[in-house]
Amino acid sequence: MAENEWKPKIIAFVCNWCTYAGADLAGTSRLKYDVNVRVIKLPCTGRIDPLFIIKAFEQGADGVLVSGCHPGDCHYTSGNYHARRRWIVFSELLRFFGIPEDRVQFAWVSAAEGAKWATLVNEVVAKVRQLGPFTAYRELETTEVLS
Amino acid sequence: MSADIYQPYLMRVEETTDEAPGIRTLKLVFQDTVAGQNFSFRAGQFGLYSVFGEGECTFCIASSPTRKGYIECSFQQVGRVTRALRSLEVGDTVGFRGPYGNWFPLDEMKGKNVILIGMGIGLAPVRSVIWNCLDLRDDFRDVTVIVGSRSVDLLVYKRELRQWEEMPDVNLVKTVDPGGETPDWDGKVGFVPTVVEEVAPSPDNAIVVICGPPIGIKFTLLSLEKLGFSPDQVYTTLENKMKCGLGKCGRCNVGNTYVCKDGPVFTAAQLKSLPQEF
Amino acid sequence: MAEFKLNEAKLDELVNALKSEGYRVVAPVEEEGVFVFKEVVDPGEMRLDVLRTARSIKEWFFPRVEPTLRYKFDRGSVTCKGEMPQSPPKTVIIGCRPCDSASLPILDKLFDWDFRDEYWFKRREATTVVAVACDAPDSYCFCTSVGGSPDGTAGSDLLMRKTVGGCYLFESFTKKGWSIIETAKGTLEPAGQNEKVLVGEVPKRFDLNSVKPWLDNNFDHDYWKEISYKCLSCGACAFVCPTCHCFDIQDEADLQGGVRLKGWDSCCLPIFTRHGSGYNPRDTRDARYRQRVMHKFTYYVDKFGLTACVGCGRCCVSCPIDMNICTVVAGAAELAETST
Amino acid sequence: MIEELRHKARELLEKGQVELVIGYGAGSDPTRTMPVFIRRPEDCDHLVWNKYCYNNLTSYLTWPELKTAGKRAVVCKGCDAKAIVVLCKENRIEREEVVVIGMSCEGVGEPLFGKCEFCDVRTPKTCDIQIGATLPPLSKDNLFEDVRQLEAGNAAERWEFWRRQFSRCIKCYACRQACPLCYCTQCIVERNQPQWIATSSHPKGNFAWNVVRALHLAGRCIGCGECERVCPSNIPLMLANKKLAQVVKEQFGYESGYDIDEPLPMASFMPDDSDELFK
């Protein structure tokens, strides 16, 4: 692999109870998956503010993955139900503003789904790799605004 | 090349001292030794201290201009920048712009009795004057220092209070608000305005420097008036939100007076003539 | 006395001549239904007929955001680099109105007060201001009430005045203005002796001399509450104003480093003066609006001898609730008269 | 209508049914009006009603200094009155503390504002006193036409469209201040520990601010269009608001500003909400 080859940066926001455990399972099961994902653990998908995604892009992410417990399995009963509504709305807004759909992926991964996690990460990385670096967002980084 | 007025000096944190819960003093030295040698200021002036990545914040210089080679600032943690300042450790880098503003009339105070009153964190600018007077002790007549705070643990510069107490030529009076005393408290118990009346310094040939929360200043001024002080004899310093310190950003003004340029030091008489919007 | 004139049809040639001489040409350009001063790419997009752009020319000297400092973090140590523009591009602003030009000498005073803000002056030096006299002012204009006029020359290097014959008379006042004429000479023709110019009229709405004393003595007057109780406390008025200059300084950084930015701010926004402790000396809408008026009509006069309002009417147009600073000040002038 | 309005307002004040009437008064120009707060019956003649009554006066209802003013009456167009529904649902005001004077409205603006072409509340639905004749609702079939038009393009085109639009944002917050539903005492941009949204009006900060502004109004925006009207830079803010209204309508079957008893869409959920988005 060429030294300066671009490597996609994917930020994964996952819930503590299902997806994080699922990712853990993937690890203990020695499943191999793409290394370009950085996992940030939160108590629940309900805790993941849409601003986290904006911040991730601002700080250089090329793609974002959000994952938590399957509907009905939330550790806090209904956090993911609320999150689901929020993501439905937010993903549409991002799409409307022109952020490619493949740069933000939402999923449900349970603690038992280590294999699903591995596949999911590989898929997301592959898609983002195809899109290339998120230069459009980087171009917003101007600090002198004349007019 | 012309000077860029927004560029800070880079400073190294030399020492951190916890004064009271939430209040810390930083001792800062110039990274550029030449700049440090050329730097001078007067008691009462302020500067903008910055934590890179968090922003700038305005405080007075709490050390005395007689102590060369470093400056100190004392602050209470309230917002983003002060929180970041508080998390700094010895060796870390801080930005500093200054000194800005006017100063206490140390020249005019020579040969006079000086009464220095500090309430809470408001003791910081007064401390600069105190050490300035004490380092040039012979220039001044009686030095009275009145220090007050809400409670014993909120008193700042505790170590220095002990030093001043032990000095034969300083009259230190310390007080805490009723209810703020501890069993072993050896100072007075009472609000500063009351204590000032008790101590009853003479207005003859005297100058007062006072700093603290607005409400404390207001009532202490009344006490001083009762004792016969004229508003021209009393100096205080205003603290307004500032961004530039250079008379440009437009938020520290009280009426047509820019605190950053025309102040921060004002006489009580000047304060009376300003719109009451500070 | 104008020696040269330019036929309206040759405006494109003027722009091209300036561009080929290395000037960055800035003029009113339409952008999604609003007119703003932008760099002219295609000469045809320059719109000298526009009376009032959405924002003033101040942003070409005092941008709405600009970096003052960039820094890098390296294991506890910080390295800094100042960002003051050393040699901004040679620029000509064409088609601002005399009121906009007049704002420049007003702001010069502030930015040169003791501490000289070279961010402003470097750009000032690099920029030539070519104003166009107003042939058709509207009801929001009140330049004559604040010492200006539809063909005023303050702050302009060159003034273009429209003639009945479809030409612009060129009159330069400075060396920079003369350079423009030199550069554009090929497109210009000699002006006649008796060219008839079109200059509109702006009625005078109040007398500045009576306003200031009243403002000085009526900080606590009920008038302030009466006029500003409905102010929404947004910053629209300040941001479109050619003389409003208040700014904020903010850091933006990540783990590698960051930037310190100077950017527009407004005294009408509630957090403008709020202390870290939560205490706010200007906590009410009327206190904030009063500050805006007082700053322009008395504090600035006390400090710098000039009124910090040029009567462009932008704040009146932009105000969501139709607060009109001209009416407000005229009201103060009226109170001044009735009280004497 | 104008006489009827003044008469009713006067009556409310005279009988002590309200302490304050928030209405429209004459503006600085014949094509503008200015909000007025009327406390004395004899001042009711200052009230005006015409096609230049743009402002949504319900944004004054949540002001802390007016919360203590006692019972208030507010002059509303049908679109404005929808905000009353949301404010009540979100416990910002009590329905009983406000008398809504609903004006029959054939549309405001000259030319007519876009929102008026699809107005189904020309006779206000939420009001205590109706002034003017009952007008039939207009069809909303083409309400989302401009949204669809923009969506016809690809992501890159939409990105470019919004990048250009948001580049003009000067962060004056007129959109926020004019919005009846942006009532937070501390806006997210004013929170700085941490600073989630850059306060500077550079492209990055503008994008984040505009995303958040729109998102915080999802399922709440009542379509009065004040944000867009007051924007000094002419940014089509309503386009984003409408997109979200469309999503909320299609996905959750909810339209904001109509039913006071229906749960708020973004504060509730259904177990069978669409799972299409999720892998």
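Letters A, B, C and D mark the chains as written, and numbering starts fresh at 1 in each.
As a convention for this text, a residue touches a chain if its C-beta (ideal position, glycine included) is under 8 Å from a C-beta of that chain, and two chains touch if they have at least 3 such contacts.
Bear in mind the structure is a predicted one, so any value in this text is a computation, not a measurement.
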| item | value |
| --- | --- |
| Joint neighbours of chain D and chain C, given as chain labels | A, B |
| Pair sharing more residue contacts (C-beta pairs) when A-C is set against B-C | B-C |
| Computed distance of Cα centres, chain C from chain A, in Å | 45 |
| Distance between chain centroids, defined by C-alpha means - chain B, chain C (Å) | 39 |
| CA centroid of chain A to CA centroid of chain B, Å | 50 |
| Chain centre separation (chain B, chain D; CA means) in Å | 49 |
| Chain A: positions in contact with at least two other chains | 143, 145 |
| Touching two or more other chains - residues of chain B | 79 |
| Per-residue multi-chain contacts in chain C, two or more chains | 36, 64-65, 248, 250, 252, 261 |
| Touching chain combinations (by label order) | A-C, A-D, B-C, B-D, C-D |
| Residues of chain D that touch chain B when the two form their complex | 192-193, 195 |
| Residues on chain B engaged by chain C in the complex (per definition of touch) | 1-8, 10, 50-57, 78-79, 81-82, 91-93, 95, 239-241, 243-244, 246-251, 253-256, 258, 261, 275, 277-278 |
| In the complex, chain D residues that touch chain A | 147, 150-151, 155-163, 167, 188, 196-197, 200-204, 207-208, 211-212, 214-215, 218-219, 240, 243-244, 247-248, 251-252, 265-271, 273-275, 277-279 |
| Chain C - residues contacting chain B, complex | 68-69, 71, 73, 76-78, 80, 82, 84, 86, 110-111, 113-119, 219-220, 245-251, 253, 257-258, 260, 262, 265, 267, 272-277, 281-282, 287, 291, 294-295, 298-299, 302-303 |
| List of chain D residues in touch with chain C within their complex | 27-29, 32-37, 55, 59-60, 65, 164-165, 168, 170-174, 176-178, 190, 195, 198-202, 226, 229-230, 232-235 |
